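Have a look at these structures, which come just after this line.
In the two complexes that follow, chain A is the common piece, with chain B as its partner first and chain C second.
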Partner chain A sequence: MKNFNKPVYLAAGAYTISLGTGRNEFHPKKPRPGLDYYIQEAGKAVLSQINSPENIDEGVIANFMAARFNRQGNLASLMTTIHPSLVHKPMIRVEGACASGGLGIATGVKNILSGLADVVLVVGVEVQNTVKAIYGADILAGAGYYAGERKEGHTYFFPAKFSDRAGAYFEKYGKDITRQAMAHWYANAVENARLNPLAQEYHNTCKDLVSQGMTQPDAKTFTEHLNIFDCSKVSDGAAAILVCSEEGYKKLGLNSDAVCEIIGLGQVMANLISSPADLTELDASRKAANDARDMANVGIGDIGVFEVHDCFTISGLLSIEALGIVGQGKAPELVINGETKLTGKYPVNTGGGLVGYGHPTGASGVRMAVDLWKQMTGKAEKFQVDLKKEHGMLISMGGNDKSLVSVIVKK
Partner chain B sequence: MKNFNKPVYLAAGAYTISLGTGRNEFHPKKPRPGLDYYIQEAGKAVLSQINSPENIDEGVIANFMAARFNRQGNLASLMTTIHPSLVHKPMIRVEGACASGGLGIATGVKNILSGLADVVLVVGVEVQNTVKAIYGADILAGAGYYAGERKEGHTYFFPAKFSDRAGAYFEKYGKDITRQAMAHWYANAVENARLNPLAQEYHNTCKDLVSQGMTQPDAKTFTEHLNIFDCSKVSDGAAAILVCSEEGYKKLGLNSDAVCEIIGLGQVMANLISSPADLTELDASRKAANDARDMANVGIGDIGVFEVHDCFTISGLLSIEALGIVGQGKAPELVINGETKLTGKYPVNTGGGLVGYGHPTGASGVRMAVDLWKQMTGKAEKFQVDLKKEHGMLISMGGNDKSLVSVIVKK
Partner chain C sequence: MDLNTRLQNVAVIGAAGKMGSGISLLLAQELGFASLENRSRTFILNLVDISDLALQGLIRYIKEQSVKTAEKQINRLRELYKDRVDLVENGEIINEFVHEVLVHIRTGKTLDLAKDSLLVFEAVFEKEELKFEVYNKLASLCPKETYFLTNTSSIPIKVITDACGIDGRVIGYHFYNPPAVQKLVELITPDTCDEELKVLSLEIAKKLGKKIVPANDIAGFIGNGHFMRDGLHAISEVKRLSKEHGYPQAIYMVDKVSRDYLLRPMGIFQLIDYVGIDVFQLILKVMNKYLTKQGLHSDLIDKYMEQGVKGGQTSSGAQKDGFLKYEKGKPVGVYNPETKEYVPVDDIFIKAVDEKLGLHPNPSLSWKNLLKDPEKDSKTQNYFTSLKEMDTLGAELARRYYNASKETSEKLVKSGVANKPEDVNSVLTLGFFHLYGPINDYLK
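Take a look at the complex of A and B:
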């Protein structure tokens, strides 16, 4: 990818509670808010940070499976309900499975670079608790090749895919240390979530998270190598942020302290039908991360905070290797040693990530951008990292290492 | 919207057969090709017109409801199966109900203007014959506000919405002339389709199409004011085209005769939840068309060929008024007088449109762009218009006048 023709910035991020099991507000049998509620809540939280919604030029809404969870399409048109001034403006819905949110940010960037817009509102949303988990798993299997591998596969399609990756990793790099690292990943995620009042695991009171994360998987009811604590959450929620030109954020009444610059973008699609060459590696993730770092012209040592797509704890481990934080097979040691904690050398998923905050699928990539923006602008409150480096990086993944967006931001 | 920062072109368009009832190849009980087949067939037909697929920088895939018709998401990743050189390139899926294809073209334009790409492959696809029509109608109702109006509405949601528009138009401008015009619209569509070997109505042999189009609707099985001939088709198909910079199309080995320039773009989203102020008008369509004409700086008299979204014959009539071809209430006379035929003053839907070619929903906006490109470059074969003006115009509509994209091209 070529370089940007002008500077692009993130501003005025916000997200809703991630609602689902774990939150005190969640009751499986009581009525819950729908898509409109989440879209409007996240969107209005962005609008409350700027001088006038009139200054928003375009909108992008990222969503994965509202068509099945909520029977709703045409979400760009639903996005206009955030504020009357958005009506009749150009908007679009984008999708790339669980990378939908990352693609939303990428679309916002391109719309700014096109010169047609100075301020783009990007919203990500998913409302998944409309169906039981086993049906939800079938819906989410639409991120894989449904007409092929899904039909031959496990009922819990993606857990089974990443269970296979965990099994391969166990075999290659040792089961004990990897299993320990997965439990530590879970524990870190919940510890961070306890500092984030919007996180699904905010109310978690378990005293020995690492031991809980070591629970044996029950292959009869779930998958061979993953237990339930290895999984991200089934969540309802939305995230929203503005992508702006310099002229754009100034027009909104914001100053440079309130924004961070996007200096690197990687966007990579792998072949949905082909199988991974090596289950212990995320090739497409690596390519997207390299592309983003090449554009930004920064090394991993220049980056002080990370957001990775931990749809499962094993995905988290594989992602930090794909990003180049450590070499192949080295992630478990890094995590066990606490280097991915808020106080570590490479703080990862500071607001809880997909395991701790939750995983409203289409929103997750946007939520990642919001958490990076919070860290860069000092707005992360209790999970604020004492940033020693001026860059942050995210990777948003859809499917089994199929659709990837990586973004690098600068303070 | 601001002006383009550089010229943008359409090149190398193609589409597949629109498969469904009416085509000799269609048998409701026999197996049919899936999404991959259509995506690949349309994509490869584009690739066959250029020197090397390596020169494609990015991809956009437009689709409305593969999530429900085919249980498939993550289509950008599936798009890489068109050719190995597309693997690991930036791709995205976009959606805006039946305007998905128009949004695909708009996204291609913006990606070119961003400076990150010189050649963008835009594919639109839908495979709808996987379910019975009555279930399909429920799926397509996701273009409306499903949690609200759908629940209170007719089983055939969109036919009923446009039936209401027809009824209001009957009342305001006269039932007899409007009903006549709707029958003529159907007849023109089939006449054009008979000149297009890929059209769903290509094999139609009815000798008196206007009389057939006058068939009384049966409100017991369908809707009050629309009969089955007023409806676009349930279709499987795909369309693909390249959006390029000047550098881009030259890199592909194409010369200026093989391309047409995009000089106007209108993109407008109305509020999904609000009801139309006046059922006899398409306000958002009018806004999008005006925006596109303002950017292009052309009047309606400068435009020699049109593509409008005739999801129903009444939508066709309303669309040509929204585009400003004639004033309110004047479309019936224009159509009855034959002015929208290939030989008329305002040729509309020259390849058959949604009623004649078919309506693979996510593909339709891209198919429209392909038909305009064919007309502009003299490749429309038997449905080629003797173009007396150098511009063409399309309007791609999603939902009940909710998501709109209008594009103006120049020879």
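Take a look at the complex of A and C:
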């Protein structure tokens, strides 16, 4: 990718509650709000931070599988329901499995760079509690190569894929320490979520999270190497943020304290049909992260806060290696030593991440951008990190390391 | 003939009843799996009951429950369907299995439907004449090799076989309610039972995931042998306590003591209501007929039945009023046969009874919170040790109740109903969900 032809900024981020098991207000049998509610909630929370919705030029909506979870297509058109002034403006829907949100941000950036827009509203949404997890597993399996993999695949298709990765990692780098680190990942995610009132695990009251995270996996009912605490949640939620040019955010009545600049972007697609060369590595993630860092011209040491795609605790560990925070096989030690906590050297997933906040799949990449923006602008409230470095970084992943977007922001 | 051959044609008689529907569900699912595992055979499940509406309700019930089973057994099902390229998703596989379960079922309103069945489960009303009628008919319709598994709660198996000329071919297969959930089957083997049937019964239990406790062929067997006498003890206590405290308070007291002081899941009168006062009377009558001079009779129960107060459940499973009146499953009144009205159980009523009973030995202990406690046994022992010492009315009633239950249980062993104390204890813990078996040394 070439360098940006002008500065691009993030502004006015917001997200909804991540609704699902764990939240006190969640009752599996009671009626719940649908897609339009979440899109509007997140969208309106953005609008409330700017002078006038008239100043929004375009919209991008990120979503993975509304066509199956909610039997709804044509989502870009649904986006206009956020505000009447959006009607008749250009909108587009993007999809890249669980990296849909990341692609939403990337698309927003490109729209700004094209010069056709100054302010782009990016919304990510997914409403998944419409089906039980056992049926949701079939839908989410669409992030893999469905025709070639689903039939042979496990009941819980993706958990099993990452269980295999965990198994390979155990073998290569030691089971005990890795298993411990996965439990610590879970504990840290929930501790951060307890500081974030919108997180799905906000109401979690478990006293000994590490022991809970160490629960013995049961291959008979779930997977060989992952227990349910190793998994992100089944969630309903949406996130929204504005991608702007300098002229754009000024037009919105915002000053430079309220925005952060996007200085690096990596966008990578790997071959959906081929199997991973090495189960203990996320090589496409590594490529995307390298691209973003090259463009931004920063090193890991310049980055003070990270958002990684921990769809499973093991993916969290693999991601921080792919980002280059530590070398291969070293993530477990880093996590066990507390270096990824809010007070650690490399704070990761400060608002809870996918395990703690929740994983409304198509929204997650946008939610990551919002959490980075919050950290950069000092709006993260209880989970605000005392930033030692002026950069933040995210990696949004779709499928089994297939669709990747990495973004680097600067205060 | 092996079990798999017999499973190719099975019948349930009284299939739409409380017990019959659960047994039908278990068998339908078992045949569903069996047909996937032995594709060269055909399996048939004949479900017989007397009402079309009830049979249709039964199919709906089996369908709903089979979805749940398939969801739980999805890993096994994905494996069983691995050759079916058209079935890819969990949802598709679950639907296919439910279909497989239903495809083997034939329903009907007459016993003719069972004429080719090699294995018959019977769960019609607990009435001797009805059971005789059913077995006489089946004896003439079915092949000579057919075996019968009766769910009778009280009628001696020998009485049935003698009356219907099918000696050796009937065994008591006493499921507990609800059969799809409860793990216990009390197996009543009459002296003349065929060896093959005995072996088969154990194989079936294994297939259905049930735990067998053997009992001997004496009316009421172990479960009702204990339950009926437990109920009669409660009623005699009520009579005794009524003089001082009045009837409604006495009922409430004994119910409370049997639940909270004995750490049982339900009070005795709530349990009788749950089973149904009519059923209680029916079983008592049968037992009294075969076990004479044991006082297995209650005027009070007859009085309730005369007044039309029967307990039991509505078709949707809600508790009907009986000894107690229920709101949202909780007792809120006590029936008084003198006035034919329910006396409300309000705060004043409860306080009055509680003051008379005195302090509970350990209010933090209950059946519910001990159930999953790993230290349940030692905590229960300690609890009874403190109960032994206490000088309150509640503690005294609890000791009397405990002793009566223990004595009944020991008599079941002594009179040959149960082979050993452990069997009585197993029936009470597995079938009645008690925390402990009645034959123990807690109060020694």
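One rule holds in what follows: the second predicted complex is superposed on the first by the 411 of 411 C-alpha atoms of A that agree within 3 Å, B and C clash if a C-alpha of one lies under 4 Å from a C-alpha of the other, contacts with A are read in each partner's own complex, and residues count from 1 in each chain.
Operating definition for what follows: a residue touches a chain if its C-beta (ideal position, glycine included) is under 8 Å from a C-beta of that chain, and two chains touch if they have at least 3 such contacts.
A quick note: this is a predicted structure, and the numbers were derived from the prediction, not measured.
> Check whether A:220 is in contact with chain B, with chain C, with both or with neither, and answer first, second, both or neither.
In the superposed model, A:220 contacts chain C only, not chain B.
> I'd like to know which partner A:96 touches here: chain B for first, chain C for second, both or neither.
first
> Check the residue A:132 against both partner chains and state whether it touches chain B (first), chain C (second), both, or neither.
So A:132 only meets chain C here.
> Specify the partner with more touching residues on chain A, choosing between chain B and chain C.
B
> If we overlay the two complexes on their shared chain A, which of chain B and chain C does A:51 touch? Say first, second, both or neither.
neither
> Of the partners chain B and chain C, which touch A:155 in the superposed model: first, second, both, neither?
second
> Both chain B and chain C contact which residues of chain A?
On chain A, the residues that contact chain B in one structure and chain C in the other are 138, 141, 150.
> Taking the touch rule as given, give the residues of chain C at its contact with chain A in the complex, in rising order.
71, 74-75, 78, 85, 88-91, 94
> Contact residues on chain B for chain A in the complex?
Touch list, chain B to chain A: 1-2, 4-5, 34-36, 59, 64-65, 67-68, 70-81, 86-97, 103, 106-107, 109-111, 113-116, 138-139, 141-147, 150, 267-273, 284, 287, 398-399, 402-403.
> Where on chain A does chain C make contact in their complex?
For this pair, the touching residues of chain A are 132, 134-135, 137-138, 141, 150-151, 154-155, 220-221.
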